[in-house]
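Chain IDs A, B, C and D follow the sequence of writing; residue 1 opens each chain.
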Amino acid sequence: MYFKQLFDHKLAQYSYIVGCQANGTAIIIDPMRDVDQYFEIAADENLEIIGAADTHIHADYVSGLREMAERGVKVYASDEGDKDWKYEWLIGSDYDHRLLKDGDSIKIGNIEIKAWYTPGHTPEHLSFFITDGAAADVPMGIASGDFVFVGDVGRPDLLESAAGMENMMESSARTLFQTVEKFKDLPEYIQVWPGHGSGSACGKALGAVPESTVGYELKFNNSIKSSDSEQNFVDFILEGQPEPPYYFARMKRVNKEGQALVADGISPVRLGVNAFMKKVEANDKAVILDTRDSKDFMDSHLPGSMSSPFNKQFNTIAGSYIEEDQHIYLVIEEDQVDEAVRDLIRVGLDYVPAYITPSDLKNYKGDKNKIETLTFGEVDKQIENGKKVLDVRKLTEYEERHIDGAINVAHTRLLPRLDEVPTDQSLVVHCAAGSRSAVASAYLAHKGYDVSVVLDDFDNYKTA
Amino acid sequence: MYFKQLFDHKLAQYSYIVGCQANGTAIIIDPMRDVDQYFEIAADENLEIIGAADTHIHADYVSGLREMAERGVKVYASDEGDKDWKYEWLIGSDYDHRLLKDGDSIKIGNIEIKAWYTPGHTPEHLSFFITDGAAADVPMGIASGDFVFVGDVGRPDLLESAAGMENMMESSARTLFQTVEKFKDLPEYIQVWPGHGSGSACGKALGAVPESTVGYELKFNNSIKSSDSEQNFVDFILEGQPEPPYYFARMKRVNKEGQALVADGISPVRLGVNAFMKKVEANDKAVILDTRDSKDFMDSHLPGSMSSPFNKQFNTIAGSYIEEDQHIYLVIEEDQVDEAVRDLIRVGLDYVPAYITPSDLKNYKGDKNKIETLTFGEVDKQIENGKKVLDVRKLTEYEERHIDGAINVAHTRLLPRLDEVPTDQSLVVHCAAGSRSAVASAYLAHKGYDVSVVLDDFDNYKTA
Amino acid sequence: MYFKQLFDHKLAQYSYIVGCQANGTAIIIDPMRDVDQYFEIAADENLEIIGAADTHIHADYVSGLREMAERGVKVYASDEGDKDWKYEWLIGSDYDHRLLKDGDSIKIGNIEIKAWYTPGHTPEHLSFFITDGAAADVPMGIASGDFVFVGDVGRPDLLESAAGMENMMESSARTLFQTVEKFKDLPEYIQVWPGHGSGSACGKALGAVPESTVGYELKFNNSIKSSDSEQNFVDFILEGQPEPPYYFARMKRVNKEGQALVADGISPVRLGVNAFMKKVEANDKAVILDTRDSKDFMDSHLPGSMSSPFNKQFNTIAGSYIEEDQHIYLVIEEDQVDEAVRDLIRVGLDYVPAYITPSDLKNYKGDKNKIETLTFGEVDKQIENGKKVLDVRKLTEYEERHIDGAINVAHTRLLPRLDEVPTDQSLVVHCAAGSRSAVASAYLAHKGYDVSVVLDDFDNYKTA
Amino acid sequence: MYFKQLFDHKLAQYSYIVGCQANGTAIIIDPMRDVDQYFEIAADENLEIIGAADTHIHADYVSGLREMAERGVKVYASDEGDKDWKYEWLIGSDYDHRLLKDGDSIKIGNIEIKAWYTPGHTPEHLSFFITDGAAADVPMGIASGDFVFVGDVGRPDLLESAAGMENMMESSARTLFQTVEKFKDLPEYIQVWPGHGSGSACGKALGAVPESTVGYELKFNNSIKSSDSEQNFVDFILEGQPEPPYYFARMKRVNKEGQALVADGISPVRLGVNAFMKKVEANDKAVILDTRDSKDFMDSHLPGSMSSPFNKQFNTIAGSYIEEDQHIYLVIEEDQVDEAVRDLIRVGLDYVPAYITPSDLKNYKGDKNKIETLTFGEVDKQIENGKKVLDVRKLTEYEERHIDGAINVAHTRLLPRLDEVPTDQSLVVHCAAGSRSAVASAYLAHKGYDVSVVLDDFDNYKTA
């Protein structure tokens, strides 16, 4: 059996290539949308990809299932869950596909991939037992999707908190409890191959070790350990989940109703800065996304720019601040363009017409904008001067300690909650260390708010 | 003044960036269609591209003028020549543009670019005198397009031989003579910056030195030296011109009527070989283009494949054997995909849906094809056995020496002259050393002919 | 805990980075010699490498321990085994280091790495239990080095078969049996992180899945399953082990006595082909190593060249045919130079003065050599003509079926057994499919033997 | 004839490849030390490099002549000039070489390269007439070295101003006048292929157009135009020459006495930041060279660091502030390491043991340093407080306008003139816009001076 785990650092997502060397075929579990990566690896290993399977309808990235189907690969998706949880784009389509119920199995040469119904994170969620038939008659491991992670379980609140489905949170948590109970019956030696790792917003305490075992998780996974009673588990699992990024809701819809195809490729064109700005001004869907670091951005940027520094949060932030039909004009280093485009299409942002590089900015003939930066030592004086403090940390952080009178909106939910931000007052935006406030203040400035931003450590805020 | 010559090795084309550092602006002369290259260089030099000019309606590549216009750059084109030689897509368009007559001049900061009407190669052809106003009051050089090359002049027969316009050859040659006469009046020290270098099919004796001077060309350019009388010149210039590649006719039309935009980018997808083949079979515009070397191709290739090894002839050959609306499925090394796509769009082949790599071929489940290879020692026996010899060298080579009874069709003209190839006989295809016959025989096999190919040196053919 | 497994495809070697994010430190287990790779990954993860540990004295690659020590990293090595199995270069050195006995433990922030004495493959072999102290009080897994692999155990015969130590094989196997017995007491859920994967010569049946668990290996690892009695185990484990590559013996010495430093870097210079050949001729330690594929090599190569196609066997072959003090002149593609040099230094071949590319070969002014290629259908006639057949497959393959009268020397042992090859007869060299015979015949031609080579499938050999 | 001009942006140096396609050979004129670049291009063009020639003993970079000789290439150097101007390392050596006198010629296939003695810039300076014998019987152009540039002539003062040879300036200028007189007799159409372009410190008014012609230079080169009388020329040519970089003196010696070989390659190792700092502290020849931009450097850097941002001035600055035997520890982005090492060896800085990247700095456990930055508005107050102003602009700039009481030392001459900088006063360092003062202040801080730096535009300095 050939087995390879792939990790996307930015979305903390794992996909898997499982192949049978005996007949040279392979299947992809939870493919991302830029499927070329899988074809390249498979070709290097002399494997042909003949199948692709989703564990569930993802909330945090666009599934690559339709791209796979379009390339003639047979695709597999869950047929569990009620009518609201169906792969609508796939059912009845001409694509070579099969819908899976609990217990159904797929054969890839000597490999058996057997679906196990594991609802909770979502109502249709499957996990896959993988058995290397050449060596053994029982599974070597389980591709657990967003059911069990290393150190946590998939959060059952997203349908409510992210997708806006009311009163789902608790019932989903109770469903998940039942599924966890079944997990306890598995042999301890079975490997657990999760759908996400440390850094994902699909759970709250994911570890940075890429995989685990049933026995180890039973012993040390705090969520599973809380399941001595259903209520304990429900309370534990629903407490302190971070606000989901705004784009999660969109992903659910896209993955259910059908992903657009990116097969034609997306190659933004390089422009001169003034031509770039003219294009932006002539396009009412245009938004400039500046990937430089926060300090440089605050110092000087093109009018109307939004900010998302090119780090691990890049596309989570872009997804949270940009709507799917907007056209993204990038300010980015030449050698980062390809990676940035790949990141953006992974979260469903498909329109990237043009880019310039940071060094082009100096040739801009118009006036640039800046945003005033503050330290926490200067904040109280700003409040005295009548400014309002906007705290864009998570609610859990806010509840621990916050500035008197500060409003709290988690930065990844600023778009849907923009009406909570006053328009008649100047704003001072802060977070814990300056990353989130930088992005949020850039967005607010872009929207016309009068903002200054605190690029400082919250520990430096001393109350009198 | 900033001045940079860019060379495309495959089409032997020169384009130029001329800029004024004093005000940070630049113009591109004879841009290719993948204009990102110019924006990158300009940005590195802190120059903004504000203009782009064509010397003439090109026959051998798709001009980048419309891509430039689309990016907000002001474009310049000839307004000379009669009504058949107008930039139809530009006239009356919304693009920022200006049509140039003899003597018109463009200012780029301190630089003056002055149009000089130099017909002959084409009826509307302009050259551009370039004067660095900060340093001098006379031109430093002339961007001569396809008028004067290093060692040759632009061929005046293309309108007839490539574009099929009847009875144009001689009159064009006479027009060119008059233009050459004017050239003789220029100061000797002026630099000559040509539109093509060694390897281009736009002339017959182009040198490999990138530029020259008026004085040197007057002394040593054999075409110019032949102009002691008009008739001598006409005879000399029309003699021995190589058969133009088939796609030249198409380029003329495209450059006159308007280039399609490639702004959205072209990114072929990587597939597994069997999925690739299914796609090809389902698409009646599909053609497989295999870029491996000839020997490997003859040994074994996917059924129906055409061949164009990835060398300097790659896109000239692709242009000569593939129609513009065909969909090209590439067999190519991973690290050559980008360059290949760039090459193809330069000759107007814009549909490249997918690719596989050479090492993927071994995973193909169907039967592969092969083409029998011969040495010249084996050819006579094949003739005795009733096969017909197809000689795909140039007519000038054929006339020097050829195999008795061989048909001659220059390989770059095989498509328009396919009716000269017998369909009721097996064919033996040869050229001088095996490159051209390889490509031609692959094409014929693709079209269903029964062919074998001589991969050998013609010097090895001994007549009894 | 941060955990990352790195895989070298060519040597099928796994090394590990284990780090504690809480204090930003990391340790490398079984580092290769080109340690820059570890520093790059660690820096990306904001970890500082403060430790490096070898599980044992490796036989198949040069350990990176001394490179690590030289960079100020504390290094850890086994202090078990008798006096013949000591890290001689480390003991008493100025390097920051610690020698480990069974039960000793290393702390990296919250991580504990505990040495477990697991002799058998070698007398001093350690495995490392890794415990994430922040999450658990028992180990998450075991870095098992060459003790347990996925599907196999480390071979105990290498000291005898590779390093020439007499009468070691059986006693080592019995020691390994005792260690396996201890392994059976570990909790089933513990992950097994092996030192090698599929393709390594350090065992005979290694799987391609990157890791396993104690419980799964107890159930399905055939070597462990054979341990119902000590004798069964000894018999099973010693049977059918492949001939070790010649360079293994050298590695043992180098890793014990001290690796040379490659800190200054190795950057072969590009030369013209004739200058290259002059250099080779003037240097009595020079050897040309041609990395093109076998067919191209047989057709034509520089006189005296050796062959090792640039595939997964590249450095195993180079190590088997080239002595450590020889100077390697490469024929290799430009974009493969860096990888090739890295591959070579990993097996202790440190002198690579110059290279040319395959396309340079055509400019060589001298005569090139060729080696006659045969199919299996032509072999019997060669035998009749007095040639001797040399079968370079493994002994186990030879014993299954071979050509009458053929000599057998496994190709990776050709150097130490060269006296078994007759010098007074022309040779026909074959293997199972042409890869090994190609390399072996190139070597023999280089040594002056008269050889032809069978590049064909042994199934095509029919006995009358 | 094949002809290619190569440009090094940082040193503004041109080298040339001139080849004869008829016999596949080529010569390099004025090769840089990293000669692999020439072998790569030659191989791509199917040319073998058989010769390499220096126009003169270079002052601004290490010649690649010895690297060429070491690779078996025949090297050519001037035999003109008196005994102080000989290629000492070459004379009598075993290298294949030939010393050239005025009128000597080299044949490369059909190409003739004829030496012309053109002293002035240096006493032994040659230019090379290049004649394409296949096409013409007179030269196509002249490789003019540092004799004639586009828009200027080579400065004759370097021997005195850079190399410290007394009373050479004026006599050299008079010699150059005589050589310029000879230049006036050349045919106007001859191309001029200079040794340097815009940005080089080998002249004062070099243009950015890569080449020119004799006729154009006679008309518009201001230095040549000043030669109506010898005295006019001498006055014009010696006026306003910029202070030469400190390392120029070293280059003269190295190029005369013999360049060290870099054939073994230089590959700095990646370290963790704390290990890096330990290495620096343990090595009394170590110097940290930080390539980040000035602002970031001033904010925070490793103790003792020097600064040279990675832009076009990188190696000119490094050469001016670092001695040839120092060991350079780089702070640089991963993807810039290769280019930086190449840049450094081009100016003879060969020891680069290790590097870290900018993002590694945050992991440093010790205290970092900073340098106070000022605007010009704050300078007068600093003077009142007793600080001394150090103006590191060129003398010509200083003479135009300067701050009262400021000392002037051009920043590229700070090392040899360090005794002019007071040690008993705090310093305020400025230049025209902040680049030069940044580097100079970093150096002074490294040397233990108490400095602050003005990163501002000198136009902002208002006198009361």
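Quick notes on this structure:
Operating definition for what follows: contacts are C-beta pairs under 8 Å (C-beta built on N, C-alpha and C of every residue); 3 or more make two chains touch, one makes a residue touch a chain.
A quick note: this is a predicted structure, and the numbers were derived from the prediction, not measured.
By the document's definition of touch, chain A and chain B have no common neighbour. The chain with its Cα centre farthest from the Cα centre of chain B is C.
Our note on geometry: chain B versus chain C, Cα centroid distance of 50 Å, whole angstroms. Remark: chain C and chain D have CA centroids separated by 47 Å (rounded to whole angstrom). Computed centre separation for the pair chain B/chain D is 41 angstrom, with centres defined by C-alpha atoms. Each chain pair that touches appears in this list: A-B, A-C, B-D, C-D.
The touching residues of chain A, counted against chain B in their complex, run 24, 35-36, 39-40, 42-43, 46, 48-50, 71-73, 263-275, 278-279, 334, 353, 356-357, 359-360, 362-363. Contact residues on chain D toward chain B in their complex (touch as defined above): 1-5, 21, 132, 135-136, 138, 140, 151, 187-191, 207-216, 218-220.
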